[in-house]
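Okay, handing you the structure first.
Note that the chains are named A, B, C and D in the order they appear, and that numbering of residues resets to 1 at the start of each chain.
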Amino acid sequence: MAAEFRGIIAYPITPFSRTDGSVDTGKLTALIDRLVDAGCHVIAPLGSTGECAYLDDTEWHTAAETALRAVAGRVPTIIGVSDLTTDTAVRRAVFAQQAGADAVMVLPVSYWKLAEREIARHFRRIAESIDIPIMAYNNPATSGIDMSPEFLVELVAQIGNVTMIKESSGDIQRMHRIVELSGDRIPFFNGSNPLALEAFLAGATGWCTATPCLAPQPCLELYDMVRVGDYAAARRIFYELLPLLRFILTGGLPSTVKAGLALDGMDVGDPRPPLLPLPPDALETLRMLLSHRTGALVG
Amino acid sequence: MAAEFRGIIAYPITPFSRTDGSVDTGKLTALIDRLVDAGCHVIAPLGSTGECAYLDDTEWHTAAETALRAVAGRVPTIIGVSDLTTDTAVRRAVFAQQAGADAVMVLPVSYWKLAEREIARHFRRIAESIDIPIMAYNNPATSGIDMSPEFLVELVAQIGNVTMIKESSGDIQRMHRIVELSGDRIPFFNGSNPLALEAFLAGATGWCTATPCLAPQPCLELYDMVRVGDYAAARRIFYELLPLLRFILTGGLPSTVKAGLALDGMDVGDPRPPLLPLPPDALETLRMLLSHRTGALVG
Amino acid sequence: MAAEFRGIIAYPITPFSRTDGSVDTGKLTALIDRLVDAGCHVIAPLGSTGECAYLDDTEWHTAAETALRAVAGRVPTIIGVSDLTTDTAVRRAVFAQQAGADAVMVLPVSYWKLAEREIARHFRRIAESIDIPIMAYNNPATSGIDMSPEFLVELVAQIGNVTMIKESSGDIQRMHRIVELSGDRIPFFNGSNPLALEAFLAGATGWCTATPCLAPQPCLELYDMVRVGDYAAARRIFYELLPLLRFILTGGLPSTVKAGLALDGMDVGDPRPPLLPLPPDALETLRMLLSHRTGALVG
Amino acid sequence: MAAEFRGIIAYPITPFSRTDGSVDTGKLTALIDRLVDAGCHVIAPLGSTGECAYLDDTEWHTAAETALRAVAGRVPTIIGVSDLTTDTAVRRAVFAQQAGADAVMVLPVSYWKLAEREIARHFRRIAESIDIPIMAYNNPATSGIDMSPEFLVELVAQIGNVTMIKESSGDIQRMHRIVELSGDRIPFFNGSNPLALEAFLAGATGWCTATPCLAPQPCLELYDMVRVGDYAAARRIFYELLPLLRFILTGGLPSTVKAGLALDGMDVGDPRPPLLPLPPDALETLRMLLSHRTGALVG
């Protein structure tokens, strides 16, 4: 049976050992267990949140294998395989499929601004090397590349196993456009936390977010309320969660999520330089946001 | 005697073998010879033009060593040591110094938006690991990080061996600001081809450009005219060169420069995917631009 | 009893005579009748759609009086009193109150970029001269001034009769911010057609739109579905309406709405130069959009 | 003999009486006398600096006639005839010609975003109604309309008496483009103070600026140095002047220039609301900038 991608797609950070900076496979396993146990619908390791851009090949392989073993098929897994070069992205996609991933997520990271024909070729090369589905991921703020709804819908039409879109530009009109251009037929996912509420109304199939690392229940409840059509309840949950969502986004996902996990008793190490741990005042704000919101979590 | 950084700072591309895609050291040597022989004042390998973002460590080492051996001290050499992680940037800076570089150029490449304290720490870590001067390089379009003139001038003030600024944002008012904030004392270099003329008037010490790979003479003459204060002549040269400058920038430096070198009889291979070679119509435009401008070169 | 401002706030265009270009009071009366008869909840003459920026004082007075007489208290009326100078805005606000308006809408139109203290003084001067409520209107795209949620909420807190906010920036996060900053207590209205659906979920009290001039029923039904919490139905209506909403916005409100009314048999003249009537191909697109959507209207 | 438009084009503010707020014709005459006596090459009343957007027809007529009488043909006069409607712009252009203006300047002020065909018609209607030359003026920051170099050059090609371009976008590449597209044949003027130096090198025929109201000599000297090709001297003058240029621009031209004239003993009243006079701290900064720079003026 094909894996089902919908609901809360949870993005774990990648823990690093405080001793030698290596990928901490025990902590990664524990974090993923927690996310699956909480009820997250899909696990998405090695996304932006997972500092995939800062891992060398060996570390990336370790993290991918560890994550897949931890999920152990309880829910679908989407592995992020983004890289600056097409060759490395292809290698990682092949590795992910062989290791058992249900899908891969591809963010065309730019150094040079890429022309659309270059982005399309990048996707085609990856797609040709694997059989599992690909989620095309647009996030101009981190990747430096902005793919229009027109381009994304065309990508899905042209390349067989590119079947899903993740939109993180934060512009809800892009989602409207994807619905219109595809006749409401391409599953798209919202990757912008501040749009968590309205994206579902626009038609999003799921919410891609690192927030469940710190506060899984409100995310899951928001989605449940949407599923049963109780948008008033979803709205209440969203506005309660919004200060945390905004804080996580503004402070940088790896730094804020790692700090929040430490507050919750799970020391997952620091993010990699040039990233820095959260400064003390921000840490205090985060503590208040988490205790206020989810007493049990930090308490 | 300290190396002098001024004038035309030439950025070679990194040639790749058509056989196996490896760094073509023979071609890199030949290209650098050509640039030095033409009279370029400084050679700057492994910049953006040199596809440094797409090289693994071994390739990067090979390219750096080959370039330094090719220059052989005839003119100063600035090696680009940019990388996504601080650790790799440090390693490359140390390697560059040991291999004989006169300076390194550091572009803080972002994946996550970096806070100013993160960028400063990145520079400090690199600076502490070497003795040679550092050129702080601002290029928001490729790196995703925009360092203000205020931040750059402070960086130079705070970190002993950060001594030069390269500004590629294309905003001449940034250069005005650097002059004002530093009391006209920090050497800054223009990295935006369309500002080649006016940046010198604003006070730039040099022009960082890949253009000499294809047309060294007009670049050198423009600088000579500026040096003797003949701005009318500099203006004539600039406007003649402008269509080529704009074409190179718009088409992407590695793709256009590699295509232009092939037109000139030096096959340096293709840029690395996701970059693509120039499409046929653009190639035709480039041929016309080069033959029109520099008959001898393509002739 | 205080007027209630909620639901569909309909913005009539200002008809001009084809003979002498004067304000066509008969047509304005007929159009307003149609909007009230259709069930629109509030009428808002002399907004941007009403070409208020292009009317001299006499014309503006005529249009305001005609509109108020046409509405005749059947529903509340909000008159737009925007002008480049504070003095004229004050004069128009006073006139509107004396003529019986229930509220005025104020867009601080810029020529020079205004500082916040200048915008605040503009609002205060108008507020001091009248007793009726003021809707503070943010529309950076037409007015050249962008008021932040923080500034708008402070304006409502500081000035007694500034009681409502109209947000037309098209950024749903601004609405989230207004809700947060005001503790969900300031009524805000969405003025961006592409956000018609999601703004209600974010908490908007009403939708300010010229669309009812051409297609009142779907707008009213969308609002009714929102009121009863049937967001699935609201979504269906929204996506059916979206091509028309986008067309109206892209083509310019006065030009497209006047063209649409003419297609529907009500010739309201051309917009004032520099505005031009819709070109033939756009007119054809509009005809198809209207006939497809609302057969009865155009058929 | 045709008027010659080149050099320092000085923009007077419009003085208002402190008693009744009317246009102070005596002060306007005195200010223009001062500008002509100082050696400014062209006088340009009723530009943005002249608060043309805030004047009613009668006031505008008074200001235009007063200005032309004050210049009295000693140097050429360009009158700004911008307005939101084409009809008023045409009326003002006709009035300006009849009153003896040598040229008019047209900024297509937007309320609604105008399509290029609407802007072109606006210019054509004005051009057909007069015989004197028109300077097409691009200033997206104040007008809300951005005309590309391509559009501007086409406008000059298509409409006989549109013969000059004023570029105030602050982007020097627009000037490069005008030079290229027109084969260096259309006279263009720089209206962005921070580009005062480099625009001349790019090829500008003149500098449109309100700065001479406060400091005419450095502006004139900068131009003289450019004329004789002494760019090193021009550079020195520019950087000395730059803090004042930036202050004037940032603080808003009418407010800062009126404050500066008052410091110099010429009370020209306040700018019109919504504009406010300079706050005390900014006034103090201005006093220092002026005394430092031009002792004689304020001293």
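Worth pointing out:
Basically, a contact is a pair of C-beta atoms (placed from the backbone, for glycine too) under 8 Å apart; a residue touches a chain by one contact, two chains touch by 3 or more.
From a predicted model like this one, the values you see are computed outputs, not experimental measurements.
Set against the C-alpha centre of subunit D, every other chain centre is closer than that of A. With centres set at the average Cα position, the gap from subunit B to subunit C is 53 Å.
Centre-to-centre, using mean CA coordinates, subunit C is 35 Å away from subunit D. Because contacts link each chain to exactly two others and close back on themselves, their graph is best described as a ring.
Contact residues on subunit B toward subunit A in their complex (touch as defined above): 48, 53-54, 84-87, 108-115, 117-119, 121-122, 125, 141-142, 144, 252-254, 272-276, 279. The touching residues of subunit C, when paired with subunit A in their complex, are 170, 172-173, 176, 179-180, 184, 194-195, 197-198, 201-203, 229-232, 235, 239, 242-243.
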